[in-house]
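The structure under discussion appears below in the form of structure tokens.
Read from first to last, the chains carry the letters A, B and C; within each, the first residue is number 1.
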Amino acid sequence: MKLFSSVNDISDLKGSVEQALIQKADPFANQSLGKNKTLGLVFLNPSLRTRLSTQKAALNLGMNVMVMNLDKEGWALETEDGVVMNGTTVEHIREAAAVMGQYCDILGFRSFPKLQDREEDYSEGLFNKFVKFSGVPVISLESATLHPLQSFADLITIEENKRTAKPKVVLTWAPHVKSLPQAVPNSFSEWMCRAQAEGMLDFVITHPEGLELAEKFTPGAKIEYDQDSALQGADFVYAKNWSSYRDYGKTVQGAESWMITHKKLEQTKVAKVMHCLPVRRDFELSAEVLDGPHSLVIKEAANRVWSAQTILKNMLEGLK
Amino acid sequence: MKLFSSVNDISDLKGSVEQALIQKADPFANQSLGKNKTLGLVFLNPSLRTRLSTQKAALNLGMNVMVMNLDKEGWALETEDGVVMNGTTVEHIREAAAVMGQYCDILGFRSFPKLQDREEDYSEGLFNKFVKFSGVPVISLESATLHPLQSFADLITIEENKRTAKPKVVLTWAPHVKSLPQAVPNSFSEWMCRAQAEGMLDFVITHPEGLELAEKFTPGAKIEYDQDSALQGADFVYAKNWSSYRDYGKTVQGAESWMITHKKLEQTKVAKVMHCLPVRRDFELSAEVLDGPHSLVIKEAANRVWSAQTILKNMLEGLK
Amino acid sequence: MKLFSSVNDISDLKGSVEQALIQKADPFANQSLGKNKTLGLVFLNPSLRTRLSTQKAALNLGMNVMVMNLDKEGWALETEDGVVMNGTTVEHIREAAAVMGQYCDILGFRSFPKLQDREEDYSEGLFNKFVKFSGVPVISLESATLHPLQSFADLITIEENKRTAKPKVVLTWAPHVKSLPQAVPNSFSEWMCRAQAEGMLDFVITHPEGLELAEKFTPGAKIEYDQDSALQGADFVYAKNWSSYRDYGKTVQGAESWMITHKKLEQTKVAKVMHCLPVRRDFELSAEVLDGPHSLVIKEAANRVWSAQTILKNMLEGLK
């Protein structure tokens, strides 16, 4: 594996989940694989779970890890080509990526969208340039449009906690005070649609009208504008805010009733509740739900280690 | 050991000092103990000594270390319960602590007091929440009211450098330009009072009237308002500024004469001088003292490794 | 080796290049040398290449590495002696350096010049104090006036890529929008003059009149004010901006024609082009040159690992 930026980089979805659970059962079994191999984690945006879980995964595999918070410790990168660099950007992504590729065997890269120009964000220009110029295998630590390590961990969590062979999984939009990227819901949908296509689950998306995700990430998903109908008989409820794809980057106000509460969950099959974190308590999800027995949010975060470790293991095996 | 936040978490004080000196004499003897164990160090406030010495201690024990500067690399944490998170805080301490507990076998946590509301600071609400929700053993890297790794290192330093069986130790308030927490003097007093109770030393505190520390941390200590009297016959002089506990957080101005100088030390038994660092030269302690033969400040900082390593070793032994 | 801050700390220049190439050919051959040894990297200014390459070098040698971004994670250091510290500086370099020396076997230190007072910058007071008070071997990670790990990597790169026994190396000033230190050109010149004295190459410096480097770093170098003449027959062209040494810290405006382009390189012997990075594209060097077959900039950055590893190896061998 040379690139992990989407579910499309996974050939065998079920097999990958099985691999992850094998890693989880015996975390240090492949410790010689990473000996003298270096993982570089490059962040242009803040991170808690991704930084720590990916670092932990690499250490489990015996790798060295170097973390670079380019937004804090480095300097402004130029990402456009053909620009005369006489302004405030100090280094071009071409050189920065190439240099980091010289020091690291595998790189991870995080860069959020600007949420101003949809074409720009959805072209994934920055992430793709980093991949192109680094010259080594690259893992997305969340790009402008996708967050595959999160979604892989979500699928692992669903497989571990399902009580029926083919559970009903509902992705529901949730309120928020800020304009957030679509990366997590795009990515979750992409992975769930693939899992649905492979007969692993049924997938429904619910959100206020106008908040439709990009169609390329929702093939086969059932879209419901009525949250109550969508939640009927759900086994898993995945709550997440996102800003508009159509009216790009705009937030929806006055939709506080979309918050997931115990009352709302009564319509489900005692559904397990998921969220990628960080979560706004009593705004996206009620505190009672987060602190209650149905919440999977901490287990879900814990599974970030095993999604990362599975991808890193596959990449290490592919190194010469 | 599941928690290290106070001298009260130590059952055998003399034995702990002996353990520390054994670690110091042979730092790498327990290197297999920490294999595949991860220490997470979480800082909500800046750190130099604590970060490096605790990291070094963990490496000596064969552990992996992940450092998280939440104030710089992360985001604003919500610490209150029952709050609708529609403001600027991005994640609740409940989730943040629980998630870090999933990735780390032992956690260290630093959070300074706000010095605005005494009840709030002295309840140690934030530190206690972190402990409660992390679900793993926690070491205080300095909390609102205590700094036990520092005080343990101070006691080690006194034991190493004492010239009589029962030395006289004097904690003296020193001038400063800022309003500082009481954590270091509270903690030093707590440890010295315990050591005094065990017959290891005699302990005196001296400060301007009105700067009394919280009584719970000074059981058995002799309080002297006259610095010259207090210094008579001292073997160790520990200088440190603190703001008022009574008139909470207020500084005392115009007390520059409390600075420790060679002249002042003439009244002592050629006392050794200690300070936790960072120190304001020629304001808390004179440069001549800091650079002279009586200063223990660098040796004291060096001993931070052995207090941390002793605590980490005990915690590692307690892990299943 | 106890100090690496200049080419003068190298006794055998050719032998050091050979050592570096041996490290490069077999990076992990000396992994037991660094076992249980700790490298501390202290940055008062941002770093990408230096941080990662030096960290990688240390890991290759089996060392532990602790990185301290004092400008971001720490606090303001006092560097003057005899100052009453009643202002904004929190800790004196005397204590900070001494403490870090207690936790680390070898230290690296980076501090840029202020470019305001030439005497102050060229005295290297801050770097020298750090060396003096740390008490352990110190590597310059770029000081006010020199950047020896870069220059050593540059010499390695020239040796690897030369097509004649005694290549012509040209250091050319290049335009920039900011006022930059003289550290990289001083250092490059210092190393090239030494290499020239040992018969390894011919060295020419070209820049607009008035931008002469300090003479102590240019012994034996040929100075040419006409860039075209200087480039005649060059085998290596090293482009770099610097601010004025004479009119200290001043930039030169309106010299955009000094940018290195394909057109300019026609006068050379198909010269290889070097730059320490970060580089301002289409302002210092044209994009066509950076992306073309003559550029060595990425290989040069990669060689930073081997200059650092060679120095670290020598320092480790000198530890008791």
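In this section, a residue touches a chain if its C-beta (ideal position, glycine included) is under 8 Å from a C-beta of that chain, and two chains touch if they have at least 3 such contacts.
Just so you know, these numbers come straight off a predicted model, no measurement behind them.
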*Chain-level touch network, classified as line, ring, star, complete or other*: complete
*By how many degrees does chain A turn when fitted onto chain B using C-alpha atoms, rounded in steps of 5?*
120
*If you list every residue number at the chain A and chain C contact, are more than half found on both copies (same) or fewer than half (different)?*
different
*asked:* I'd like the Å distance between the centres of chain A and chain C, where a centre is the mean of that chain's Cα atoms.
replied: 39
*Could you tell me which residues belong to chain A and also touch two or more other chains?*
72
*Given the complex with chain A, which residues does chain C contribute to the contact?*
27-28, 31, 43, 46-49, 51-53, 55-56, 59-60, 69, 72, 177, 277-283, 287, 290-291, 297-298, 301-302, 305
*What does chain B use to touch chain A in their complex?*
36, 38, 40, 64, 66, 68, 70, 72-75, 78, 81-87, 90-92, 94-96, 98-100, 102-104
